[in-house]
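First chain written, first letter: the chains are A, B, C, D and E, and each begins at residue 1.
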Amino acid sequence: MRILGLVIVILCGSILIYHTSDFPDWGHPASPASTHVSPYYIEKALDDTAVPNIVTAVLADYRGYDTMFETTVIFCAGIACFFLLRITRRMEPSVTLYRHLPTGITLRIEKGGKEPDDSNIFKRIDTQWVPYDLIINTTCRMVIPFIQLFALYVISHGHHSPGGGFQGGVILGASVILFAISTDLRTAISRMSERLGAFLSATGVFIYAGAGALCLVLGANFLDYSALAPVLNVNSVMARSHGILIVEIGVGLAVMAVMIWIYYNLSSAGRHDEGL
Amino acid sequence: METILSIKPLLAILVSVTAVPFIVFSKRPNIREVWTFIAAIAKFLIVVSMIPVILSGKEIIFTLVDIFSGVSIGFRVDSLGLLFAIVSSFLWIITSAYSIGYMRGLNEHSQTRYFSFFALSLSATMGVAFSSNLFTLYLFYEMLSFSTYPLVTHHQDMEARRSGRKYLLYIVGLSIGFVLPCMLVIYNMTGTLEFTKSGFLSMDVSPALIAALLVIMLFGFAKAAIMPFHSWLPAAMVAPTPVSALLHAVAVVKVGVFCVIRVITGVFGVELLSNSHLNIIVCVIASFTIITASCIALSQDGLKRRLAFSTIGQLSYIVLGAALLSPRGFVGGILHIAMHAFGKITLFFCAGAIFVATGIKNISQMDGIGKRMPITMAAFFIGSLSVIGLPPCGGFISKWHLVLGTLDAGQLALLAVILVSSLLNAAYFFPIVYSAFFNQSKETRVSNRIDEAPIWCLIPICITAIGSIVLFFHPEPFLSLAQMAAESIFIK
Amino acid sequence: MSWQLDLIVLTMVVICGIAAINIRDLLGAGILFGAYSFMMCLLWAVMGAVDVAFTEASVGAGVSTVLFVAAVFRTTRRTKD
Amino acid sequence: MSEHFPALVIIVPLISAFLISATGWLNKRLCFPIAVFSLTVSLFASIGVLMMVLENGTVQYRLGGWAPPWGIEYRIDHLNSLVLVVISAVAVLNIVTTHKPVQQDFSGKEGPFYALYVLFVTGLSGIVVTGDAFNLYVLLEIASLTGYALIGLGKDRAALSSLNYLIMGTIGASFYLLGIGYIYLVTGSLNIADIANLLPDIYDSGVVLFAFIFCMIGLFIKMAFFPLHAWLPNAYSYAQSSAVSLIAPLTTKVMIYVMIRVTLYLFTPQFSFVFLNISKPMVWLSVLAIVMGSLFALSQKSLKKMLTYIIVAEVGYMVGGLWLGNRQGITGSILHIVNDAAMTLCLFLAAGNILYMLKSDSFEDMKGLFVKMPFTMAAFTAGALSIIGVPPFCGFFSKWYLISGGIAAGEFGFVGALIFSSLVNVVLFFRVIEIGYYEPFTNHPNAHQKDEETLFNEAPRDMLVPLLMAAILLLALGIFTGHIVTAIIQFAIPTGII
Amino acid sequence: MNEILTTIISKYNYWGFILLMMIGLYAMMVKKNLVKKIIGMNIFQTGIILFYVSIGVKKGATIPIISHGHGKEKHVIHAAEYINPLPHVLMLTAIVVSVATLGVALALAIKVYREYDTLEEDEINKKIRDQAK
């Protein structure tokens, strides 16, 4: 099997490599890809949408329909992971560990044992015991706000610089994931519940599709943001720019929520009690 | 030819289908049987009401839907189809009466299913009789195959299961494997499937292709039980006797030969076949089947099996009559559909009656049974006379025309075939009658006391037996219809 | 940008890729896949596809790696090939 | 409003999917009505689109108001409007049946289930309406991802076979993406109509050839064309029946649609049939698919497994029909998309009902089913007859066109394979029907007139009615074949093909 | 010799994507471990993304962000000055799709592990066979 696979792969690869001779030269400015459709974007994007970052303009406006479904794909992945993994009925773990905060001593309680009730002194920790690390905790706590600030910047500044809703959303999600890793899953869930994640993801995509549908209600085609001009009280080019911002925010929300949601489900295998 | 647009053929088909829900949902058996009778009589009346129109030289047409160009579900009533429809719809009434006697006499299970599918099969038979094109013919042919399956396998035991498999394998397998491709080839060559008086296959097709199509179609309609694709028929005799009687002596097998006749006359056309002498192939195949089946019948001990092989032989008479391509032979062939139906159904009814009354299935056990069941055995005698082709029974008239047809066609060998096979027929029927009346019973079961089958069984037997005789003296409706059919085909 | 730099990064990508599928430890494979993604991100940045590079950095090198680690943590590190 | 019908077909279910997902957390009982409502709206919108297409010809809809090839457009002609109606109709018919089994199979996850269900339908509809090659890929991934999830939450081996499906499906989609990339490399466009205009100058380029090969390999994997079918049988047979009765009728059929779109409208018939000259080997491959699919089906011991292999054979029908390269063959292929969707729906719904009532679908447990579930089995028989190809059920007519096309093209191997598979189907289905018809009575042939009432155990009404409607649909589709062909399908084939 | 070198220089980026695709394909075909397969799948996808990005490259052009958009003086924009943005857009979508697929694939892998307690395909098949017996 190994040899056979290797032979097939090498054979296919060499045929493909041989046929690259038909390709246009790498980076040639006159190749069809660079001359047929794309010049229009480069030359008109700023005038049409008032967005200097052409990628953002194309992503969220010219091919905004694609991007809507790109966001939907992420949403699908979130639901799919939940659908596949989540175990809703509560299973009591056979062993729970508690840390006595003042002393740092760990309590091991077998199933059926009495649970400590004073939650200010005792804190439940993961069974795969991780030593309490002050440095990591503090560093993360300090870094996370800045990560989130940066993420917001990436989302809102996507018109002018690389980035946009998707990247910003991932970073925002990553900050929560970092929080979950540095403390534990239960703390993260108590800060941002699963239900909130689900709502936010649906809301995010809904903002995108809803913005498009709003255009449709206002009489233009689906996703034609210029129809938003009377609502936003700007001219139609700026309306497109604002429309892009709106959908980027939607994308950011959805992506953030889904990333967190997937992480919750994967890291706890759907149980949502003990994570990474 | 004048044509009349009328919904009657569709009504004749739908009558029994619409009866099915009533049959299924009727609470008591008596009401169920009433529905069957209402449907059967209504169907017969509708069919009969078409006779004057047809006899006055007109045709009734009705197109239900045009599926696409050249392919439609359409009906046309001509003399040939009407003849077949009269026979089968009349015999349905008789068989229904007989079924009641038989099924109740034996306390059979699932009688509701039995009567429902019986009604369905009759619809399909009417559809075949009235179809105006090859596609409709094929449609109802398949419908008949599937709706008779539950009837054939009514007993639901291992034997029924085996026969059911064989039945489907032959009938459906050959129709899909043989008829369907032929139909498509024909459609692709001509762009139509509508039957015409002189056939719609043009002369410029290569003879080899025509020969291939002809033979494949002949075997494809496996319900005609032409050898070597006949063995489903004896196997299907496991069914309750009324089923065997109606379906395997009347509806199913006759549908098979009816299809063959339709294809020979309506698709290939007399002219094309006689010019290319391809009818000889069919004649040879049919003759082979006649002789072989008769010989096999001689060696059978089960009464129903013997009757089955007799049927195989008799069916080929009809095919032979059509393939002779002489007007009188054609008349003989078509008449034989009716005459053989009456004769053979009598025989099957008798077999069933014997089984109901005594439980006997084999010929060797029937010594002296005539003393116990004199009416039944007398009817049996009349039926066998008709099948053999002796006066004063209807079978004589059709055989007579067949013989004349062979003379017209100048095929003396075929004449010999018919005569020899008639002798063979006599050889396998008369011993039964003889031993029934003149041999002493060896079985204790058969007492000398007269002890007939239930009255519901007996009356149908008498009706069909008398019918066989009446048809000898008054063959008019059938004879004139057959002659009209022959005229319309052979007049240039 | 010189093609030599391009080539070096490309080579690194390929090496990381091969290593990721051949290492006999799934956690290692996940981490190597992160490295692979990061190299890929460099390559794209070199090619001028800044947005794609940014996305790959956040998704491929970031979230994907976390997901791999999470999945490996919930299953097993063991692999036979 | 009517000019926005094309958009409504997609966005109504899309937006409702988000609503369903959100309401799933608040009140589970609301999910089902929302899903039914949105799919019904989508069905009406798609019928509206079909009417528009029948009246005015091709409908174009510019998303975002940008002209193609710069923006994305819907380009709806007779071909996709027909397939669109099929998708919406199957989705609506099927969703009604899912109400009860979902509570049993996916208890607590009704919200996600219906969200995924609706998204799956959205993805497929989107694939069908879009006029942009790359957009097609994105929607393909939506349909696939939701499909993996719906399949993955099944019984015993479901997760494994779903993972297998995922890996194969991703390879397939990636190959398609690669093919589109190759096309983009040499044309610089992603709009299907635009590419078709640009391609004739560069037919002889090796890149176009490879683009074609990649697209085809990708689609063949996705549609489970033999020998790339290995993912399908396990994936479909271990999935829960409420999910599979949606996925099985639609996925392969939509992929066939994409193949027809790609060969006839992206690469023109001139390229696919004349320039490449590979019709013969492709037809023979499909012959192989038909024969092997039928033979594999013959060796199965459970109902759903058998049906999945029949799907493999049916895919062979449609691929072969397309590659016959003549009008009749392609008509047959398109007609079979419609008919096979209906037939598969009918059969899988019947299997679902059986599974719901019996908790098993192995042949051994189906004894005496005709008495227990007469209506389900009647519909099953109708589906079986249609697959076998008995008139007037619809399966007969698409087979008719396919065989006619085979005869016209002189491909008698293909004709033979079709007939062979019909015969095998007779054996397959009558084996099932025989078991359902006989078994409990073998030992006591005469004494069960009473038992029939006590044994009667039919599926609930909301599962039965759609099934019976599907069975009637088979009949209606068969009878109106001529209308479908003359009104719709004949315009769906490029005029160059005779 | 020089000619070959220029060919290589002008095409080697394309070879890179083929190499990556083949690595991915090899992993998916040969590796028995499910997570390894998933990694192979991702490498395969990134290979294709690399191909698309390579299409977009334009020699002598800069990143596709119009410089005077940041309040600088307006001037006529020439298409040759900026890299083709379209493949980038497409590949943003493709990356998202690949991470979505990765998420679902890992979820399925966890589910498989839950059921069979192993990720090796041959061991799983053996278990299935044993169960059947």
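Criterion: contacts are C-beta pairs under 8 Å (C-beta built on N, C-alpha and C of every residue); 3 or more make two chains touch, one makes a residue touch a chain.
Since we're looking at a predicted model, the values are computed, not measured.
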item	value
Far-end chain from subunit A, centres as C-alpha averages	B
Relative to subunit D, chain with the most remote C-alpha centre	B
Chain pair, A-C or B-D, that carries the greater number of C-beta contacts	B-D
Innermost chain, taking as reference the mean of every protein Cα atom displayed	D
Whole-Å gap separating subunit A and subunit E, where each centre is the average of the chain's CA atoms	18
Geometric centre distance via CA averages, subunit B-subunit A, whole Å	75
Centre distance in Å when subunit B and subunit E are each reduced to the mean of their C-alpha atoms	71
Subunit B and subunit C: spacing of chain centres that average the CA atoms, whole Å	78
Shared-contact residues (touching 2 or more other chains) in subunit E	12-13, 19, 21, 25-26, 30, 54-58, 61, 63-65, 86-88, 90, 92-93, 96-97, 99-101, 103-104, 106-111
Residue list for subunit C, restricted to those that touch at least two other chains	50-51, 55, 59, 63, 67, 70-71, 74
Sequence positions of subunit D contacting 2 or more other chains	134, 138, 141, 145, 148-149, 152, 159, 184-185, 190
Each pair of chains that touches, named by its two labels	A-C, A-D, A-E, B-D, C-E, D-E
List of subunit E residues in touch with subunit D within their complex	21, 25, 28, 34, 37-38, 41, 44-45, 48, 51-52, 55, 86-87, 90, 93-94, 97, 100-101, 104-105, 107-109, 111-112, 115-116, 124, 128
Complex interface listing, subunit A residues touching subunit C	53, 55-56, 59, 162-164, 166-167, 170-171, 173-174, 177, 181, 259, 262-263, 266-269, 275-276
Partner subunit D, residues of subunit B touching it in the complex	65-69, 71, 73, 107-110, 135, 138-139, 142-143, 146, 150, 153, 155-158, 161, 164-165, 168, 172-173, 176-177, 180-181, 184-185, 187-188
List of subunit A residues in touch with subunit E within their complex	1-2, 5-6, 8-10, 12-13, 16-17, 20-21, 23, 25-29, 31, 33-35, 37-39, 41-43, 45-46, 51-55, 58-59, 63, 66-67, 70-71, 73-74, 76-78, 80-81, 84-85, 160-162, 166, 262, 265-266, 269-270
Interfacial residue positions of subunit C with respect to subunit E in the complex	3, 6-7, 10, 13-14, 17-18, 20-21, 26, 29-30, 33, 36-37, 40, 43-44, 47-52, 55-56, 59-60, 63-64, 67-68, 70-72, 74-76, 78-81
